[in-house]
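There are structures below to look over.
Next, two complexes with chain A in common: one pairs it with chain B, the other with chain C.
== the complex of A and B ==
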């Protein structure tokens, strides 16, 4: 931790990244209660109001809804889904990848074939088709489907990490002591692999934000009236030449969040790789 | 050769397995989900008899396996069936034009981002830790993180709304072809370029740094060979290998990206067709699009592997072992 802070001091970019993430976390937790308009409130007198006019800091959309409060409210859903997705896909990835790598042979072969099948279709296409057919996406269905789409990637990383540890002497020692497979996998090996797994999980968080935003943009994400950043972009695209702010601000919100998380995950991987 | 042929066969096998599994899952999902295609075609006001008659005529009441079997039989002889939503329109007659459009768009993006990212990646790698490197690296990190529609929206605001250089939407006027409207390709292709640039230039940069620090490059420079010659003749050859892999690996993103970009610009490609198919629950059309995307995607990864082993003698002689 001390080392982490020391590295942070030398890396101003990472500080900016973390500051932006903290800003969005605040926005998600307490932001909605600070807004003077709710995310569905229609200001009928001021449709497509310019930013900064009539008390709408970021303007309004074609219905007269406040862009700022929709963005702030929308940060909740995207952060929730992305966080859950990266946690779930990492955990499932560890469970599958570890079992495959640990037991090897037939289980490993079965695992590799299954992953080959899942990987032959781009993750965005997979989740978009399934969510589109299921319809009425909720936080739960989004999380489950996107996690499944991500599992091939996370499981392969976990499997690779386990394979490098498997031949270590402490694993052999535990085996000779007669420890159970589960004990060896999760009490002996797992703590030694936290570095690469944390790196993978933070990178996965950035991917999840991209994915959730893209799914919302394609109209298969969370359904109205829940404001969704991606959805705000596509629903206001037809008026981009009259009211560019309706599209630009949600897009910039996505941009700031993903770039901040990428900078952060880049930093984490540098620190953890250096430590090893 | 024997082993790499074996590997190709395995890949082909898993491609076929993917196609079977995916297509069946789609049939199954549509089956268990609420919502009726016949009802959608006829509208909410349609009588029950009319809906039932349409279901009968389209064979929608047959058991799941029978319908699936019928579909597979058709596909095997190249008949993708008829669109359910656009009644009576053969999928073959709409799909291929759309696929053509998408491939042209993907190709345009490809010839934009590959040379650009390789060149800038090499530049950043050679000028490691100098200002040029920092600018290129940060730009790469930022654009890589952006979903295609975000960079697309920013590009539209600048080049279409403010400067008015390119159209806001990329539609082809009725009666014209894509080649009469090449300007509509620029912004969509640029949006894809933005995303791919980050991945590719980063990989090119780090592999360049690795190669430039190797002994044979150092001795070439010390021997007094011109720096440019060393960089482009000696170093680049070896530093390109990881880049080719990363380009191949990112083909998946490119295809996902195509759907997003086509939706943003209203471009008449395969991705926007798939979007429409999903919204109208048009099973045969969804199946046809997913089938094609999977095939194209898998083929492009396979080609990457072949190219990679061809360029890297170490792998070629070991027979595709990794």
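== the complex of A and C ==
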């Protein structure tokens, strides 16, 4: 912790990143209750209102819905999906990658080929197809599908870190103590791999936000009336020349969050390297 | 003054880190004359390498340097990278510890060496190649024309290091710095390299700085010796003076704690230095060694200075310590613990190995162990010695169950246990324990000491009650000289010696009958090595456990073992009781190995047997004597064609050679 603060002092960029993340977390938790408009409320008198006019801080869209409250409300769903996705894909990745790397040989070969096949399909395309077939995107289905799409990447990372640890002498010591495979994998090895795995998980967090926003943009994300940042961008695209703020602010929201998390992820890896 | 190649004055190097400023080199002054060789000695963390890096200007960004480094009268400190370029590699050359990482793996040897003279001396490609070949020949590398076409990975470590030295010599530097160049190599290779360095120094007229933790090595190459402790020079002077009349307690302790020829466990305990090198903050006063010094008094806390003892002999200890004991080698060593060794001869074997083989790989086979047979008696110590790649570790790992033998049997108390760990029963796992070479890697970094030792007890000794277990752990920690405060520590909070003690405690905690020790002291400093060896010896007397002790260091083997087994290329070349093997050498390889061990005592210098050639290719099955290709006593074609017969000298002393006594 002391080292964390020391590094923080040396990395002003990381402070900015963390501040932006904290801002969005606040927005998601208590933001909606602070809004003077709800996200579905239509202010019919002020359609496409400019930012700062008529009580609409970031303006309104073509229907007269408040952009700010839609962004704030939308942060809830996007953060929920992204957080759950990074957790699930990491856990599944650890389970798959560890067993493949630990047992090696045929299991590992089978694992690698399967992952190669899955990786050949871009995660975005995979999710789009599946969501398109299902025709119904809820937070739950979105989470499951994006998680699955990310598993090949997280599993490979887990397998890699396991392989470097597996040859360590403490693992040999555990073996000739007669420990079970599960004990060696999860009690001996896992605690020593948390560094790279946490870094990968935070990076996945940023990727999932991009992914959810992209799916929203492509129209297969969360369905209205739930506001979705990606969907807001595409909805307002036709009026971009009359009311550019309707596209600009949701896009800024996506960009700021993704960049902030990426900065944070880099910073975490720097701190964790020291811990090792 | 003017004949000084190098003149370092009041050099300080501090590193600013997260934990604050710490001092790596503290007020070091040093002069090196033309054609002189200085050996810098000290344990790890004493600032030897930092000193040499500051001469080359290779320090990390967080270093703060002040003082002065004059090279032929020119100030090196404060020069920019560009200004340093004409010096580095050209007038000052350096050879590093690890040749594998010093050579670029994707370029041929020839290209890398040519580059040096093309860059510094502006030679044409042809001239450069001629210079390269000449330099390689200087290093006694027979097939220079063949070597230049090869890549580093196609060449063994010893030859790689000789190539690195040849590269350093290309521009005929005025000063050559060698930073532990032979530490990663086998003794036989080390002996060859040390010989050629001494010869070249004479013929090339250069000055030498040789850094090592091994007094024996320094003894062979240096005229002047500098002893460093915790960033400070504690003593310096001519070699003879330092060895025969050391003044500083640290120098004395360092010389004394090396196990050397003739020192055996029955006669004496090894001398040790308590504690370990502590990191020093900047501007900390007092003698750096005071916290570990036996002769410490109030004076040590205050000001002290380095004083002249005799011309060119300086020591940084205030008291005329030397009057206490006139000769280090006659120094009284610590008294002995009781030695009640039972006569083992009549007892049956604890462990019996029959025709043991290990072949790695399926497509490209590596024959690691090729039919070894031996026995381990209860309560005895069997030492397995040999160069790297001789199969000694593989043998140890098969005994402890890490690998399953490809062929042959391991009998433990007459039960066949030639299975791998997952097929062995609990009782066998408990009875045979393994101590690894690198204690930092053999203890799980995220578990506490209590958990590391406790888990072994819980798993193999069936001690499930937590309170009882904790009591037992405290008891066992006490046996390895560690206190209760270590229970909750994690391995990274311990020094190397403490880590190895925990590893020993883990092995001992479940009262095994046999412990396989795989080079347990080779990653440790000499002072720590001595204390670990003492501990292993004491514990063996107390618990009557047997050891299979694997090491490349004959002095260590000689000190601790009752029986010695010499291995070469996966085969036993000689086996016998320690005294019989050490005193009457029979196999030429044993002889070569012993002659290569650097001797600490300058009066007992000997000439190493010049071993030519390489270890046999482990991917091929050997028909004749595995040592034939390098043997200095080779008889002729019989050695290459026929495996030598066993020559039995006594009940338990035999060797394999065509030469008959």
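One rule holds for everything that comes next: the second predicted complex is superposed on the first by the 273 of 276 C-alpha atoms of A that agree within 3 Å, B and C clash if a C-alpha of one lies under 4 Å from a C-alpha of the other, contacts with A are read in each partner's own complex, and residues count from 1 in each chain.
Operating definition for what follows: a residue touches a chain if its C-beta (ideal position, glycine included) is under 8 Å from a C-beta of that chain, and two chains touch if they have at least 3 such contacts.
Everything numeric in this text was worked out from a predicted model, so none of it was measured.
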Contacts of A:6 with chain B and chain C, given as first, second, both or neither: second
Chain B versus chain C, judged by how many residues of chain A each one touches: B
Which of chain B and chain C A:266 touches, first, second, both or neither: first
Partner chain(s) touched by A:251 [first = chain B, second = chain C, both, neither]: first
Which of chain B and chain C A:172 touches, first, second, both or neither: second
Partner chain(s) touched by A:120 [first = chain B, second = chain C, both, neither]: first
Partner chain(s) touched by A:192 [first = chain B, second = chain C, both, neither]: second
Doubly contacted residues of chain A, that is, touched by chain B and again by chain C: none
For the chain A and chain B complex, residues of the former touching the latter: 13, 113, 116-118, 120-125, 128-130, 132-135, 206, 210, 213-214, 217-220, 230, 233-234, 237, 240-241, 244, 247-248, 251-252, 254-255, 258-259, 261-263, 266
Contact footprint of chain A on chain C as seen in their complex: 18, 400-402, 421-422, 424, 426, 429, 432-434, 436-438, 441-447, 455-456, 459-460, 506
List of chain B residues in touch with chain A within their complex: 11, 14-15, 17-18, 21-22, 25-26, 29-30, 33-35, 138, 141-142, 144-150, 153-154, 156-157, 160-161, 168, 252-253, 255-257, 259-260, 263-264, 274-275, 278-279, 281, 286, 290, 293-294, 297-298
Touching residues (chain side chain A, partner chain C) in the complex: 3, 6, 168-170, 172-179, 188, 191-192, 274, 276
